[in-house]
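Next come two complexes built around chain A: one with chain B, the other with chain C.
For the complex of A and B:
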């Protein structure tokens, strides 16, 4: 199911170009803000939770997920170089699964790791807040990578759709419409974080069981469907 | 023996019919797929390579369906027309990756790089390659697994004459080895020089098929028109009309040029410079006036 050559090509495409700079900018910003907040306001659990929930989990993780998930396959399909993967006796679902693993790994490294560091800077993991949000970021990384990899497979405008989903749906609708929160990767991952943190600093609108099931279903279905789409991918000529 | 069969294949995009009920069989040796731009050659090659589903009809390789069949790529090597090819890799890394995807190793990659004579630049990034070098590395990536069918979409586009000759030699060799090689081109001379067998596609339809000599005769027998300017038009006209390769010459005083109709293309192109030299006439302009592909193809289709 996992092809090391596909993985190597995907890593190099993701981390080699300007994309790496964009991937690195947001985590850096988060850490800089955390340092400033800590220096100016001191350690405070509520502030730590607000910043990690509002900036790290609600904004940074989905954006990193969009860049890594769509970037793992979108550009190859756009410029046609995916033909070198597709013209091989390699199962298409294997290509998708491998790219998913790479996208998850990259999203985790560039979102969960900085979340953890920022949490420690903000309040030294008081009330398990740093660990809880890191777990949320790890869980969300998996689902986001799968969703945005699918988006990168089916649409040429994957980045735009991805950002609209991440910023408008998750951030805006989520805060205005209660129902939208049930269908939000962010809320699902918060449910897991709530379990880890225990206290009332981290809360979710979705129950843990529902969240876990939805996370699993979305990840599996998105990955399966992306594999199917890749099997029937049409490379139009330039005529 | 590898045979690619295209059986009553059509492909439409919305209301546009790109390929219209084509049936052809491609066997061992070099076959040229000839047609003007937009004739449906790329659509056809994409269907042959399994990257596009036929709207109707079937494409099979030795009886095996090509569409949605990954295992078929053990036998097919593909050289796409598009340029994009992981530019951040070196030539060697690219070919090695292609070999690995076939379950092969660096040895197969090295052999393929040697075949296309790209070892000298194999450690340079692909982004620094010229068009011809890219084309050769693409060839290497298509050859790593020693395929019995090689599909090339406009392989000579943008290559200089020397690179073109090298690639032609290589493809000829592949054909001599008994591989089935199919390449598309919109340039008559390329196809003529290389292909043993020609399939002509015009406006999505299969216009002609057969031995290249037969089709070449059709192409060369048609009257060719030239516009010629020289230091002495009348003397040149008199000398040329004496030869059976010309069937008519008009002295156009207003244009200050000759309109020459040649019936034997090969003979005429050899005759013109010789006659001019023998009579001490300088040729100022020699340009074919009906060499547009459309006129050539429409002639072929009508024949």
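For the complex of A and C:
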């Protein structure tokens, strides 16, 4: 189910040349901001929770997820070089699975790790906030990578649709319509974080059971369907 | 075409050149400004998917509708309830809908320039009479106009609705004019930032992600820092001036600052305190500076391209 060559190629497509620097700029910004906040405002649990929840989990994780998830397969389909990969005797679900693993790893390294560091800078893991948000970021990384990888195989406007989901659905509708929050990766991962933190600093609108079931189902179904899409992929011309 | 090698002609009188009717073009040459205008109108149409495939019309049109529908709903409510004022200020509307505007810039700026780079059509443009400055100006103006259409249309809806609801004419006209100035600045600023980022990558997807990351992450971090500074000043420790200075670091708060200092808008900053007049001057200068800088960067970017 895992092909090292495909993994190496995907990894190089995602992080090769200057792309790692651009991807690394976001986490760096988060850490710089946390240092600033810690110096200016001192350690405060509420501030730490706001910053990690508002900036790290709500904005950074989805954007890194979009870049890594769609970037793992989108450009290849876009410029047609995926044909050379598909013509090799490698099962297409294997290709998807391998790309998913790489996308998840990249998202985790560039989002969960800085969240953890930022959490420690902000309040030294008081009330388990740093760990809770790191766990949320890890869980969200898996689901985001799977969803956006599927989008990358379905549409050539995957990045836009991914961002529409991450920014408009989760941020805008999530704050206006309560029902939209049940269908939001962010809230599912917050439910897991709530369990880890135990306190009332981290809250979610979704129950833990619902959240884990939905996370697992979405990840598995998205991966499976992406494999199916890749099996019957037709290369359309440039519009 | 060298199928028949010409045999060494001994008798010169047998060679002849056939006139097969090639004719030089002697019609009017429409020239540089015409080419620039065409590039402008094509780019502007392209920004809404006109003249492109149905699929690429969907997103810009959808975003346009999403921009206008809340304005229409507000107007309907204001007319039905006979309210004395619109629920949202003209200047505030773009700030509220910033996610939609950001998405529009992110999706259309790479569409405008990245594809030219990727399919290497830029050298073809420059084989025409247009110069670097014309190309940059046409693309910049086209995206800025497209953005202005996107942001001014809902204001127009609000204005017409307000007049239909028989709100005060002078008051509403003033607000509408202030709103137009602010969205014009916003359009220029966003178009500049979007085009600069997009012109550095031939990959559309990557350009979209980069533009949206710059716009949302800068706004996210600025508003978070402002919220913290606000909480600090409520505790009586920090000064509220910090909020205004932090606002300089993201495009949308920059516009917010300009309009709350000079265009009579109420600020969306935490605490509702916008920059003072002195700080407002810095906001205006920085906004204009950013627009000029993005124009300069684009000129530098296209000085030699694809060669």
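The rule is simple: the second predicted complex is superposed on the first by the 232 of 239 C-alpha atoms of A that agree within 3 Å, B and C clash if a C-alpha of one lies under 4 Å from a C-alpha of the other, contacts with A are read in each partner's own complex, and residues count from 1 in each chain.
The rule we apply is simple: a residue touches a chain if its C-beta (ideal position, glycine included) is under 8 Å from a C-beta of that chain, and two chains touch if they have at least 3 such contacts.
Computed from a predicted model, the values in this text were never measured in an experiment.
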Tell me the contact category for A:231 with respect to chain B and chain C: first, second, both or neither.
first
Practice task
Go through the superposed model and pick first if A:159 touches only chain B, second if only chain C, both, or neither.
Solution key: second
* Between chain B (first) and chain C (second), which does A:59 come into contact with in this model arrangement: first, second, both, or neither? -> second
- Task: Using the touch definition from the top, say if A:37 reaches chain B (first), chain C (second), both or neither.
- Result: second
Figure out whether A:200 sits in contact with chain B (first) or chain C (second), or with both, or with neither. neither
Q.
Which partner chains sit in contact with A:81 here, chain B, chain C, both or neither? Use first/second/both/neither.
A. first
Going through chain A, the residues touched by chain B and also by chain C turn out to be 238-239
Touching chain B in the complex, chain A uses residues 3-6, 8-9, 12-13, 16-17, 79-81, 83-92, 231-239
The chain B residues in contact with chain A across the complex are 13, 18, 37-38, 40-43, 45-46, 49-53, 68, 70-74, 76-78, 80-82, 84-86, 88-89, 97-98, 100-103, 141, 153
Chain C residues touching chain A in their complex are 52-53, 55-56, 59, 99-100, 102-103, 106-107, 119, 203-206, 208-210, 212-213, 216-217, 220-221, 224-225, 227-229, 231-232, 238
Seen from chain A, its contact residues with chain C in the complex are 19, 22, 26, 29-30, 33, 36-37, 40-41, 47, 50-51, 54-55, 58-60, 63, 66-67, 70-71, 74-75, 78, 157-160, 163-164, 167-168, 171-172, 238-239
